[in-house]
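Look at the two complexes coming up: chain A is in both, with chain B in one and chain C in the other.
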Partner chain A sequence: MFQSFRLSMTWVHTWFGLVLGYVLMVAFFFGSLSVFDREIDRWTIPETRFPAQPMPSFDAMLKPIFERLQPEEEELEEARARVGGPLPDAKPVMNWSVYTTHRDPVLELYAEFAITNNPKDPDDHVHGHATIDPRSGRLLPNDPLKVGSEFFYPMHYSLHLEWMELGYWIVGFAALVMLAALVSGVVMHRRIFRELFTFRPKKQEQRSVLDLHNLTGVVALPFHFVFALSGLTIFAGVYLPVDETMLKPQAQAHAMQEAKARGLAFRPAGVPAPLASVDAMVAEAKRRWAARGMPGEVGFLWVHHVGDANSYVSIYRAGSDRVTLVGQAVHFAGPTGRVIFEEPPPTAVSGINDFLTGLHLQHFRHWLLRWFYVLGGLAGCACIATGFIFFVEKRKRQHAAQGVSGARWVDAMAVTTVTGMLIAALAILVANRVLPAGLAHRGEWEKAAFWGAWLLAFAHALWRTSPVRQARLAPAWAEQCWAITTLGVAAVLLNWITTGDHLLRTIGNRYWPVAGVDLFILASAALAALAAAKLVRRGREVPAAVASGEDSPTGDVEPAAPQAARVAS
Partner chain B sequence: MAISLPVVSRVAASLLGGYAFVWGFVTLGIMLLLAAGMPYEEAQTLLYLLAFLVFLACFLWAFAATSLARVWAVLAGGGAAMTLAAWLLSRAVQ
Partner chain C sequence: MILFAALACSAVGLAWLALAMDVHWQQVRGPQSPARSAVTLLRVLGALALAASLVLCLVADHLSMAPLVWVMSLAGGALLVAFALAWKPRLLAPLVAWLPARGGPAD
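Take a look at the complex of A and B:
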């Protein structure tokens, strides 16, 4: 089918890159935003704009709140449908858990309640949750959509396509294609080291776009490779569900045996028992971590089999001070508070896995490194976007001559995923600030603004890329850049008007979560304005250049290298 | 390149064949390590770490190889054979 290895890799790079590039763009962009998901949450929920808090006292504050927690009404509705009738009044609590990071001012409490009358699934259960202000224990409304951690972050790995986990599979496929694109990209371009230092912005557009594609691809290559790979291994259980299928007997036997070896009860005893002081357990866990030379705070606390004689409490360490994701859990007997089991240091294999997972999920406290993540992710976006533009630039004259519209469709899709995605992301922020506070299902309206804006951007892109059919520049790019500028400035102004938090105040108070989001939006708006102005200028110049025959189509791999470069290598 | 049967077949081989091969590789790998005395969780973690690198290699090889028949035979056939072996082992070990 292909004449050479290199041509086969070029085919893979071009066509898989084109088809899955749109998904990759979404994964990279929302992944970059997810680095600061908690900060975006603060911007969108002004009532929670206060500093991050440590885990509060369990005995004094959390336990009474847990005891009052009720199952979600929506989940009960679904459970009734599963059971095919009414549910029993008693829904025994199975477990309680609470999770925090060094960036969370508010605390989320979760509980699982058993549904005891489902013969098809003896483990059937529903969830309940609450959000509190850990300074006072005051319940905060659960309703506001956490745009960063509940919308942008799941977008990164599931595209919000929950049906049959379809989104996970699409993103996973895209991650595999990312790996393949990196390898095939290296095969296509032999002079890989030189790409690092080659950017000729003044050359013809196709040339400088390819330079930028290679530069961003090569400069962040290890980052992109490791992140695509670790993303896949994090969800390996979804992509290769051996535990629930072929190897289920082995997996279950192991889980039971493990629980037994650790002395952690797999099932409740059915005998009620009180819960000893969890604060004392926390103190003991901290003492043990310190004794192992890694003092730390509690990140995750989990009470299993609540109220039962078999109940036990697992206390995990917060991972703010290292890349690798180690919980170093200490497990305590619920009724007595005595230590049952302390997790040993990870084995070599788990150590590698923990490191890769931690590297991807970045729970650590290191702001410079977090910004490098954002830059790495945005470099990926630039790489994919320039890939699209190169595809279009290379083919549009040929397609125009042949009267086919392939390049135009690709350009329309590129506009939708590059500028359209930014418009959608800004639209949800603007909607968040303009929708009335008491609006029912406010979060759903915010999401509607996101998808609606993206759909509009798609329609606009289809309409305003028609000049590509005459091998001209699509005005859609510049117009959507102006839309980004407008929405960006509007978002920052609306934040000021509705909350009083303007930049002078937030920077003055060193409240970086909101100041940072504002500054990032303004920087994006400014860049978009710059790009729009440049595109408009180029749109005027290019037709003349085409007429004089200055632009000649060039090959896919490397056109004849300039004399100087040849001498240099 | 126009969409033709060989192209469709090769793409299908790279994805479906590649997946079958990786599934066989992972299940057989876990069963062999279990038989060698490694705990289940450890074996699974190790195979998950390798799985997508193997998939990447299968995927690219499906396009680099000259013979399409061989691609199908190795990926789908090899995957099926490894899965069968893993299944037989899982019944024996259990």
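Take a look at the complex of A and C:
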């Protein structure tokens, strides 16, 4: 089919990269933002702008709150539909859990309540959750949308396409294609080491765009490869759900076996029993961690079979100083507080799996490495964006001569996914600061602002890329860059006006979550302005340049790409 | 602080490796190629600096974290060197100021 292996690899790289590149762009950009999801949450929910807190006392503070927790009304609605009738009044609590990291000022509490009258599923249950201020135990409203961790972060792996888990599949397929694109890219690239540092911004734009594509692709190659791979392993359960389908009985048996081996009860005994002091268990767990040479804080605490004689409490160590997430669990008998089982160090296989998961989900305390992740993500964005631009630049003259509009459509989609995505991300932040506080379904309106802005950006991109059909530079790029600048400055000003937290104050107080987001937005706005100004200048030069057979527009579109991803942090 | 030293080692090490190549040497020092002995020295120095960077990372962090920081510092350093070579190549001149160029013209 192809004359050589290299040509066939080029075909794969070009076409799969083009089609899935749009998805990868979204995954990379929102992944980069997710590195600082908690910080974006602080920006969007000003009531929670206070320093991170350790896990508070369970006995004194958390237990009474857990006891008052109720199932979510929405979930009850769905459960009624599953059962096909009313639910019993008593919805026994199955378990309680609470999770925190070194970046969380507020604490989220989760509970599962059994639905006992579903004949089809004896394990049917619904959830309840609460957000508290761990300094006082005060309940915070659950409603505000956590833009970082509940919107940007799920966007990264599911595109918010929940129907049939379609989003997970698309992103998963894109990750697979990413691996293929990396391998085929390495095959196509003849001089990886000789040209590792090569970037020639003054050469003609096809060359300099390709240089930048190679540069950002190659220097962050280990990052790209490991993140695409670990992303796939994290969701292996979604992509290969054998535990839920073919092998469900075996998986169940395995879980029971494992619980038995640890002396942990898989099912409640049905006999009520009180819960011993969990604070004492926490103290014992900390003592054991210290004895193993790894003193630490509680990251995750889980009470199973609440109120039952078989209840047990699992206490996991926060992995702030490790790559792996929580670990080193110690399990205690609920009624007595006696240690049942202390998890041994993980086996090699699960150790590797934990490492890959932890490396990707990064809950560790290491600000430099966090920023490096952002850098890797943005390098990915730049790599993809320059790929699009190269595609357009290579073909636009030929397409213009033939009268086909392929390059124009690719350019329009590229504008939408590069600058349009930034506009959408800034729009949700602006909406978050502008919408009235008491508005019903405020979070839904914020999401509407995001999707609406993106749709507008798409329409604008379609309209303002028509010059590509005459092989000219699309004005859409520069115009959307200006929109980014305007929205970015507006977001920072609005944050000041509505909360009083201007940069001098946040930096003065060393309150980096908000100061960092503000600075990041301003940096993106400045870069966008720079890119826009250059683009406009190039746009004016181009008609003459085309006539004389020279060119250069997109060499400078490029700055839009790295900056593209820099919107928030 | 140790980490910043590690970052500096990565960047400088990569710059030396880059300058061991004719093209980049010429961007910094003009039309002449580096002397052969200088090329070897730059490669050795570059490799040593990268190794020093890894050691510093291992001193600063837990064993599981250090390689990640190191690999990413290489990515960051390579971008830095590439951009410096593209826009302000003279900035790298002090790194090779003491090394001789070859007598004849390049290539």
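The criterion applied here is as follows: the second predicted complex is superposed on the first by the 549 of 569 C-alpha atoms of A that agree within 3 Å, B and C clash if a C-alpha of one lies under 4 Å from a C-alpha of the other, contacts with A are read in each partner's own complex, and residues count from 1 in each chain.
Just so we're on the same page, a contact is a pair of C-beta atoms (placed from the backbone, for glycine too) under 8 Å apart; a residue touches a chain by one contact, two chains touch by 3 or more.
Since this is a predicted model, take the numbers as computed values, not measurements.
*Asks:* With the two complexes overlaid on their shared chain, look at chain A and say whether chain B and chain C clash or fit.
*Replies:* Aligned on chain A, chain C fits beside chain B.
*Asks:* Scan A:Arg207 for contacts with chain B and chain C and give back first, second, both or neither.
*Replies:* The answer is neither, since A:Arg207 touches no partner chain.
*Asks:* Answer with first, second, both or neither: which of chain B and chain C does A:His129 touch in the superposed model?
*Replies:* The answer is neither, since A:His129 touches no partner chain.
*Asks:* Return first, second, both or neither, reflecting whether A:Arg469 touches chain B, chain C, both chains, or no partner chain.
*Replies:* Once the two structures are laid over each other on A, A:Arg469 reaches no partner at all.
*Asks:* Which holds for A:Phe5: it touches chain B only (first), chain C only (second), both, or neither?
*Replies:* A:Phe5 contacts chain B only, not chain C.
*Asks:* Using the superposed model, measure off the angle between the directions from the CA centre of chain A to chain B and to chain C, in steps of 10°.
*Replies:* Value: 90 degrees, nearest 10.
*Asks:* Chain A residues in contact: does chain B have more, or chain C?
*Replies:* B
*Asks:* Chain B to chain C: minimum CA distance in the overlay, Å?
*Replies:* So the smallest C-alpha to C-alpha spacing between these two chains is 18 Å.
*Asks:* Where on chain B does chain A make contact in their complex?
*Replies:* Against chain A, the touching part of chain B is residues 1, 6-7, 10, 15, 22-23, 26-27, 30-31, 34, 39-42, 44-46, 48-49, 51-53, 55-56, 59-60, 63-64, 66, 68, 83, 86-87, 90, 93-94.
*Asks:* Where on chain A does chain C make contact in their complex?
*Replies:* 194, 196-201, 215-216, 219-220, 222-223, 321-324, 355, 359, 364, 366, 368-369, 372-373, 375-376, 379
*Asks:* Which bits of chain A are touching chain B when the two form their complex?
*Replies:* For chain A paired with chain B, touching residues are 1-2, 5, 8-9, 11-12, 173, 175-176, 179-180, 183-184, 229, 232-233, 236-237, 240, 242-243, 246-247, 249-251, 253-254, 258, 347, 349-350, 352-353, 356.
*Asks:* Can you name the residues of chain C that touch chain A in the complex?
*Replies:* Listed in rising order, the residues are 3, 14, 18, 21, 23-24, 61-62, 64-65, 68-69, 71-76, 78-79, 81-83, 85-87.
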